[in-house]
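Common to both upcoming complexes is subunit A, partnered first by subunit B, then by subunit C.
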Partner chain A sequence: MDRTTSASMEMRSEGLGTTPSEHPAFAGRIELPYKLTTGRAASVFLAELASRRIVGSRCPSCARVLVPAQDFCAECGTAAEELVVVASAGSLSGFTETAAGVLGLIRLDGASTDLVHRILDAGLADLQVGQRVAARWAEEAQGSVLDIVGFAADDAPAASEEVRPLSDPSDPVIEQPYRLRLDYQHAYGPYYGRLFDEIATSRRIQGVRCPRCECVLVPPREYCDTCFVRTAEWVDVADTGVIKAFSIIHLEFVGQVREPPYIYAEIVLDGAATRLIHTVGGIEVEEAMERLHPGTAVRAVWKDGEPVGTLEDIVYFEPVFDD
Partner chain B sequence: MRDVAIVGTGQTKHARRRTDVSQAGLVREAVDAALEDACLTFADIDSVVVASGPALFGAVNQPEKWLVDALGGHMKPVVRITSGGGTGLAGALAAMNQVSSGFVERVLVVAYDKLSEGALQYQISTLYDPFWGREFAVGIMGFAAAYWRARIDALGHTEEAAALVSVKNHRNAMRNPYAHVKKEVTVEDVLASRPLAWPIKLLDVPPISDGACAVILASEDAVPSITSTPAWIRGMAYYGEADNAANRFMLQSVPLQLAAQRVYKRAGIVNPRRQFDVAELQEPYTNFELSYYEGLGLCRSGEAADLIASGATEMEGDIPCNPSGGCMGANPIGATALIRLAEAALQVTDKAGERQVPGARTALVQAGGGWANLRGVAVVGADRN
Partner chain C sequence: MFGRAINRVAVVASAQTKLRDAWSNRQHVDLISEAVVGALKGSGLRIEDVDFVIDCGSDILDGRSISNCGFLGAMGAHHKEESRVEEDGLWGALYGATKIGSGSAEVGLVLAYSKPSESDVSAFYATQCEPFYQRPVGFDHAAACGFQAQSYLASHSLSEEVFADVVAHDWALAAANSAVELETAPTAGDVRASSRVAAPLHELELSRPVDGAVAVVLASKRVAQRVCTDPVWITGIGTAMDQHSFAMRERDSLPACAAAAEAAYRRAGMDGPEGASLAELSASSAATQLMVLEALGLADPGGAARLYSEGSDVALNPSGGSLPADPIMATGLVRLSEAALQLSGRVGHGPEGASSAIVHGAGGVGMQNHCVFTLEV
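So, the complex of A and B:
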């Protein structure tokens, strides 16, 4: 057993639990704002829901009626520019129950495709394929597909195949605000686990040495990226190093952690052969433009108080000038 | 292995924001233009390759599924390729291999991004390792600026030299009907523009764009029935390097050099400066174009500033670079590299209109984004190897 493996085994036996699922994970969140463009057909479909009309588009080539209205025919790829109004009732092609309730595939009268939506006031036992259902509308329209609350079996009218041309269309809903929030539990694994444990417990940064090229890799990893051999030995690297490259950030953007201006830097720690991405502080940006260079020595300035075991336990790296 | 040619190209009306089309409508606009250019219909297309940037750009995972309708992909092979800033060329490479291997005769490759939909720098920051560096990432701009600053010291890629790239590409974009940034700038304007990630300033940075590009590739067997003016792909390659490998050399892009060597060997290029009539380079920031001059062998290491200053890469020079205006005219990231390939095809088939380099027969194409670890190169010619 080489030392890498024994290190990870040790970590498991020293109080971090005995199964991988018991190891703490790093909680990462990505939260992104969007303004999505609905496109020609969907923009009218969404707008017309306020008038309690369900809009489809008819393919000029194969005559299928696509619901909700689509710009292009799924079957033949033709641009489906003719917008039509289909019935607000139809029959169930299929259904299932999910955490969000009963969902159905609804073939609206006059449509050639199924619409997915909620089925209201019914359990699976109450439903059968072919059952008639009708749209139930929200009190207030928001320009969203949820302007239809769902479909219910009560009072669903008999089938009618009538498809009407769309007259007096409303102003299209051309943009939809959207937020994507993604929460992750990233497993540290034995290498990141030990690295950040060492930072948290002793403010010590560790890498691994490749037995072939003898380079020390930080962050530590199981294989050397260039030699493709298993790394062998844990080694301490310094919390001092040199700037490999830096830039001065004035740009402001969504999701930014630090307030500009600040200095982005890629640093090679003494003893390591890889880059660490951090910031340089303790120097004004005007002075930094003059005095910092690739090769300028820096040292870590650690945060006061208990370290938590991330790169943010280092506030920044400060330059060390000879004079 | 069969020879492969470009037989049709199409681009959208690129813009900062297109609210008149969804992502599907955007892609279709480029596809319709390419089919029209090649006088083909969906029925003639055997296979579809979609190329686009990270799914977080558009908030739709697996967008190729959503786009099948718009691409006439029903019941055909459809795959999506994504590979950093040079994604569009990586898509073309996958398509080329489908044809050269004999799998299909005609492939539609379409590349796009609709960058106006979201928060670009934050989205790009999510490309970083969540444990190691993401919290300090500035999209890719901080990184790109940092290594430019290092090249200023080591290779003399000065802010003035980069400003000349901005001036040239802005000027060239004036003649490109697909460019949406149409504004001439001076060296003084560039140097005085607002710093974003110094030394990168506002006028070193291309726009953020919505746009798509489509290219149709055909086998040597299929070409004669489609066109008498194909643009032959004489070589294409795409290389990568480990992002945080030991002693990674950042002053020149090694993957770029490897890709160029491989492609030049296949196309018989021994003196790139003399043998190429024109080059289309993907410059995510002005300083990258300087670096590519060296990496592609248009000049020696450390001579890029002299090359741009000499005027050799201007429209009237001996090796015009980016007659289209490059990324400065439009930069829908996933599409950008395919646009470079399409522009090169237009050049060697004498269809580049006002931005035509007279008599161009052999064109160099380079692809890759602000991240320096994925790089592609292609050679396109009026003649076969």
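So, the complex of A and C:
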């Protein structure tokens, strides 16, 4: 982009004031895979659903039957090792309706505690505390609490049978896969906003100067980290600099954005006091091991095409060798 | 008094950013530094005088792990003793007051911040739910609030109408508090007309998540008496946590809150809340707010709604409380800041001549965890 013809550019160049970012937010995502260990009680509870049995655990101290089975009685702090089978029907002790549907708290016959689960085929108006409900089972068991699809109204009277000892338990479900996904809309704020606006509109990198220690901070921020003094002055820094430290990454990991091997580096841009984290490219890994050193000069290689206004507009920094 | 602490501990200064739906043009660091600079301004203390910094927030809400590492500069924590408490900020104040009370430090900066607008509050709470039994069936914080409300009404044969009066009372107070950004306060009718999101609760009967930051300066008696003409003394602190399994907790009352209050009152040498001028409370819903009032001993079980219909000797949430403005993880510390400002007469709201306050903070799905402070001037 031609700097001299950019009206908005001129506006931004004035004085100390920052302009609000043109970027509404930065979309971020955290996505992590887990293999969750179920623990003794839950591993049996989840496995027994395939046999259409609901397992609880009895606290040896207070004798309460905890359903779903728990390893410890939370009130007594005692290990609840004895596993028992309770009825798959009971009475409703509470209910609500959220975006997830109608949920109920169910006291199964023989249990001393409530279980939270879905309520099927009923609106809130149909429900009352104390009414009888029974489990409705999934056709095919997956080793999940959803092997019970939910609980529905049931006319059968309360079971007279006491809880039974658990006999011939199935192989426990010792692990469950889980995927956590969280989405974010991160605000840039006035300082990062201006930095990225400048990168997008003019490939200019800007920092701020601390009036006390006179360090130029990139990325810019309102307060100097070391002095806790309000930064005062916007300063252009170069898109050239020197490597302070680097590492060649061969490891693969979740969330990685570049394919290994690649060179991860801390770069001090000319005019700045801070280290910018980016990558070094334009050089083979083998050659990099020989020729890169702290102090090696680098320059930014800007992305072709329309800029997006992030540090990704710099593809990498390439080494500048004297020879 | 506060245990047999070596030092008495005072709240000597505090400040917060405006609490609003979204600070979409500012980062966490921008909000944090505003609160910290505001708290120190005019306090007679400089950042150099601060012995330690304690910060409270949620990595899950922030979308980065160990997020405090990136916020140290904005906190003024460079080369200082800094600790993160992944709990509501009132627990940070507990930690800070304990450090000063034990004689190991004299001035502490406690801060908390929140930007739920960048994230998804229901996903945040879902991460706190048990993964095998609770998450798959759709149980979350909203469901917990709904179950509590249903159970409270059923246990005490109350009509759901009582909730809207609580909400209207608090939102009207928040609208008069310049620290909370509100266009207009809904009437009880508006509350009842809002959509049902966790039956029997309507949308406005759940707390409104807001962005913001708050900072509180705690100091020893020696420092407090030097810098402050009106130190607000911490007289008691108590905390208690209920069991994680929501289905196994009491649902029409908050016994962990009662245990926390009892511990705070005992340490303050109080028999109960009698004589308190004001109470600043944290609640996720109108129903749990009534339950908090009962757990604190301000009403009998099932009787808290009458504090709204018939009036209360203790001023309830003069700042507006958490229902109109819930900066999750900072809510309890905002309550402490508000109560201290009211006791020292530095804000326009709060009862005239107030001399003592009860401050309550909570955390977790269905308010599993509770912390209570008592203050006096």
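The rule is short, and it goes like this: the second predicted complex is superposed on the first by the 294 of 323 C-alpha atoms of A that agree within 3 Å, B and C clash if a C-alpha of one lies under 4 Å from a C-alpha of the other, contacts with A are read in each partner's own complex, and residues count from 1 in each chain.
Here is the rule we go by: contacts are C-beta pairs under 8 Å (C-beta built on N, C-alpha and C of every residue); 3 or more make two chains touch, one makes a residue touch a chain.
These numbers come from a predicted model, not from an experiment.
Looking at the shared chain after the overlay, A:279 reaches subunit B, while subunit C stays out of its contact range. In the superposition on chain A, contact of A:266 is made with subunit B only, not with subunit C.
In the superposition on chain A, A:222 makes contact with subunit C only, while subunit B stays out of contact range.
Within the superposed three-chain model, A:75 lies in touch with subunit B and with subunit C [touch as defined at top]. Once the two complexes are overlaid on the shared chain, A:249 sits against subunit B while remaining clear of subunit C. After overlaying the two complexes on the shared chain, residue contacts for A:97 are found with subunit C alone; subunit B is out of touch.
When both complexes are overlaid on chain A, the residue A:117 reaches subunit C alone and has no touch with subunit B. Of the two partner chains, subunit B is the only one that A:293 touches; subunit C does not reach it. By the document's definition of touching, of the two partners only subunit C reaches A:105; subunit B does not. Common to the subunit B and subunit C contact sets on subunit A are residues 28, 30, 36, 38, 42, 70, 74-75, 178, 180, 184, 186, 188, 192, 224-226. Residues 18-25, 28, 42, 56, 59, 68-74, 114, 116-123, 125-126, 128-133, 135-139, 141-143, 145-150, 153-154, 194-200, 242, 244-248, 250 of subunit B are the ones that touch subunit A when the two sit in their complex.
Remark: subunit A residues 20-21, 24-25, 28, 30, 36, 38, 42, 45-46, 66, 68, 70, 74-75, 94-101, 103, 105, 113-118, 124, 129, 144-146, 150, 176, 178, 180, 182-193, 221-226, 228 touch subunit C in the complex.
If you check the complex, the residues on subunit A that touch subunit B are 26, 28, 30, 32-40, 42, 70-77, 79, 174-175, 178, 180, 184, 186, 188, 192, 196, 210, 213, 215-217, 219, 224-226, 244-251, 253-258, 264-266, 273-279, 289, 293-294, 310-312. Residues 23-27, 29-30, 33, 37, 47, 60, 63, 72-74, 76, 78-79, 115, 117-120, 122-123, 127, 131-134, 136-140, 142-143, 146-147, 149-151, 154, 196-200, 243-248, 251 of subunit C are the ones touching subunit A in the complex.
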